[in-house]
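Next up: some structures, all given as structure tokens.
Two complexes are shown next, each including chain A; its partner changes from chain B in the first to chain C in the second.
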Partner chain A sequence: MMASSTDSALYDKVVRVTKVYLGPAADRFISRQVQNHLHKPPQELLTSDLVKLIDWIRVSVALLTDDTDLIEEYTARLEQLTVSTPESGKNGP
Partner chain B sequence: MSIGDGVIVTDEFGKITRVNPQALRILGHKEDELLGQWFPQKIIAVNPQDKAIPLIDRPMAKAYLTGKSISEKSYYRVADGRVIPVHISVSPILLNNRPQGAIEIFRDITTEEGIDRMKSEFISLASHQLRTPLSSIKTYSHMLVDGYMGDLTSAQKKSLKTIIFASNRMNELISTLLNITRIESGAIAVSVKMLDTKRLTDEVLTELSLHASDKKITLSLRCTGKGSTRLKTDGLILKEIITNLLSNAIKYTPEGGNVSAKINARPNDIMITVTDTGWGIPKHDHDQIFSKFFRAPNVSKLETTGTGLGLYLVKGLLEELGGNIWFTSKEGEGSDFHFTLPRNYTGPKTDEYDPKVNKL
Partner chain C sequence: MKYLRASKNPFFYYIALTLTFYLLVILLPPSGKVMATYNLDPTEYRMLLFLIYLPLAIIWFTAFYGYNKLKQYARSVRETPEGLGYEGLARGFTWLSWGLLVPVTITIVLHAISGQNPNFNASAIIISNYISLIFPLIAFSIINNASHRLVSRRGEDTTLSANKLIMILFIVLGVAYCYLVFKHIDGHGLTDSNNPYMIPVWLIITTIVIPYLYAWFVGLLAAYDLHRLSKRAKGVLYRQALSLLSRGATLVIVSLISVQYLRSVVPRTGHFSLSMTLVTTYLIFIIMMFGFIMISLGASRLKRMEDI
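And then the complex of A and B:
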């Protein structure tokens, strides 16, 4: 079934990936990015939103670490979520 | 941007890609020491005590988080180890709405800071020096009025009362100047204690009742809301705020009007509203009402004793207490000034104890 506008599953996936790089700060980091750039509750993150958000996440993380390979790896994993998680909501893969 | 501004451009990985000669001069670096380097590692932002500012709190991080330009004062530790105050403006660089890096423009404000500090020190010193002779004038005037130095004629008593009134007014002005100096220099001390806002407001109303009755103005106080009117805050600062708002309301209300205070005890904060039936504030002046030295033209023609510092001071003091202030007003009908105070206020966000701080 195609999802409605909410997609907390995607947000959870993004936080899970981010935790690998930012540890316990992941949830707050992503939540702030969603709220500031998309002006919506984090739980309503959509795949199309994530595509736009990745660029902001990249530049923000680049101020936390100078390891460009790590940044590339992290953003590549986020980009992967936009492919593997279409606008499919809670019933998605 | 003037020729005195330093400019640094970073790419999407926070690496410095451009730096102008003025930036190199301010920071004391050579171009090859900065180009290609990671911005947070080479451009060290610190607080005035030379402690590193967390990366997330730096203007560039804020600009990325909000997607907007950020301007603020900060401090940079330069190549020779000195800490200098800088004014920074950072904007994300966008290409097709996608962030590609950032541009930071900054200026060394050491000279401006020095001048500002000297100005504040001068006002503080001058104010203290003015208070001493004023105190003698008031004491002896009171002794004369009270007959300690022999009987006076009614004309002499009247003149002395005018002297006392003028001395009190000057004392208030000096207090206002001192408080503004303290707020602007960040040297105001906040001492948080549990207090009853109803009792405090009542106390201020009593103190101002004589002034109000001279103008036949009715004063009133009421409480709404289901919560307690008690909260933790600084009593002296709060009293200054309430006194300023109520005396303003009395001052700018014509004879026979009404001035009221309402305390709305809400779950997370307390909202206090001061309402008057005065001359009100013209709509086109609303934006400027909390500006320093601003006086609305409609009242400055009628009331000549104001300085335009009261509301500027109130706003500054409320910020010290973690509160907010706003108003609604219509010319010819009166004004409502509302302010909130948080219930869980624990004190201002200061990192370090400063022995130079003064109490109100």
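And then the complex of A and C:
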């Protein structure tokens, strides 16, 4: 798959990880992060966007909790997606 | 236009109703019976009443603040599958909060009238009893429907066998309540209205005892449903916020049931009295206040998840 192609499966994976922390609010939360900070429709999320998205998520989740361990755990799980989704070729070695 | 916007704000109503209440406390004619009992002149009577009722303003504020936060959250998730459930919950707590302020305001007016016109005393007691019943009855029914909707959306249902503890608690509460109420009407015939409730016994049973028991049962079930929802919800942060909201709702429901319990087993006399009942009522109100604060915090956290 090309880096510029849409990757709704990636979006779903990000939402699935987020559900562990934000439950039913996860889909809406990620959708807003992608639209407001990456300025694109959620379904067009690319692996190359993940690093920037994770940074924004870290900032946003810090507004919801003071539990830094939880934030680290969450973002670490999201970072794993950049490794396990190498098809974009931009974030891989 | 500005007025219309303000009138939609719960705090507009809070300020208007609270000011009306305290003005009534100061302006209404004092009760001769109370002044004689506590050896007070009219100014002392009004000052005492004002000081005793003053903490209520804080309790009402937390209630209005709590339901407003819940309303804001419900509005932010209106389009989602949980939207209807949270909207119902907010509506229920709105009724519950108004039910703290409106009946007490009407009651002091009725007591003032009956103080001037003793023939009105029975009517004042009857109207006060029914007004105090109607708000929680509606509120608990709405909250129960809403919490049931939220729980059943997750494919779960409130089965009576699943909450034996609630049933046992309710049976104990109900039997003790009936015993304490019937103690006041012991020796009276079914059609006799010469009792502290000023209505025939059959009416006490059908229009006070049964509706209260129903309201408490659905209220306790709602608290249990919200507790289950918060325990089983997905998402660590979501669960934490929901747990705060659910514990707050439980505190409010249980403390309100306790106040109603106390008020109906210690019948109204038609005038104000300084007693242990008053002290106990205030202690319960303080617990209720913490409940509303927890609801506000939980709803604010949930709302923040929808905002950022």
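Here, the second predicted complex is superposed on the first by the 82 of 93 C-alpha atoms of A that agree within 3 Å, B and C clash if a C-alpha of one lies under 4 Å from a C-alpha of the other, contacts with A are read in each partner's own complex, and residues count from 1 in each chain.
The rule is short, and it goes like this: contacts are C-beta pairs under 8 Å (C-beta built on N, C-alpha and C of every residue); 3 or more make two chains touch, one makes a residue touch a chain.
Only a predicted model underlies this, so the values are computations on that prediction, with no experimental measurement involved.
Residue contacts after overlaying the shared chain place A:Leu63 against chain B and chain C alike. When the two structures are aligned on the shared chain, A:Glu79 is found in touch with neither chain B nor chain C. Once the two complexes are laid over each other on the shared chain, residue contacts for A:His37 go to chain B alone; chain C is not touched. Residue contacts after overlaying the shared chain place A:Asp55 against chain B, while chain C stays out of touching range. Residues common to the contacts of chain A with chain B and with chain C across the two structures: 32, 60, 63-64. Here chain C touches chain A in the complex through residues 80-82, 233-240, 301-302, 304-306, 308, going by the rule given at the top.
Considering their complex, residues 32-33, 36-37, 55-56, 58-60, 62-64, 66, 68, 71 of chain A touch chain B. Per the touch definition, chain A reaches chain C in the complex via residues 19-26, 28-29, 32, 60-61, 63-65, 70.
Residues of chain B that touch chain A in their complex: 12-15, 38-41, 55-56, 58, 60-61, 64-67, 92, 98-99, 101-102.
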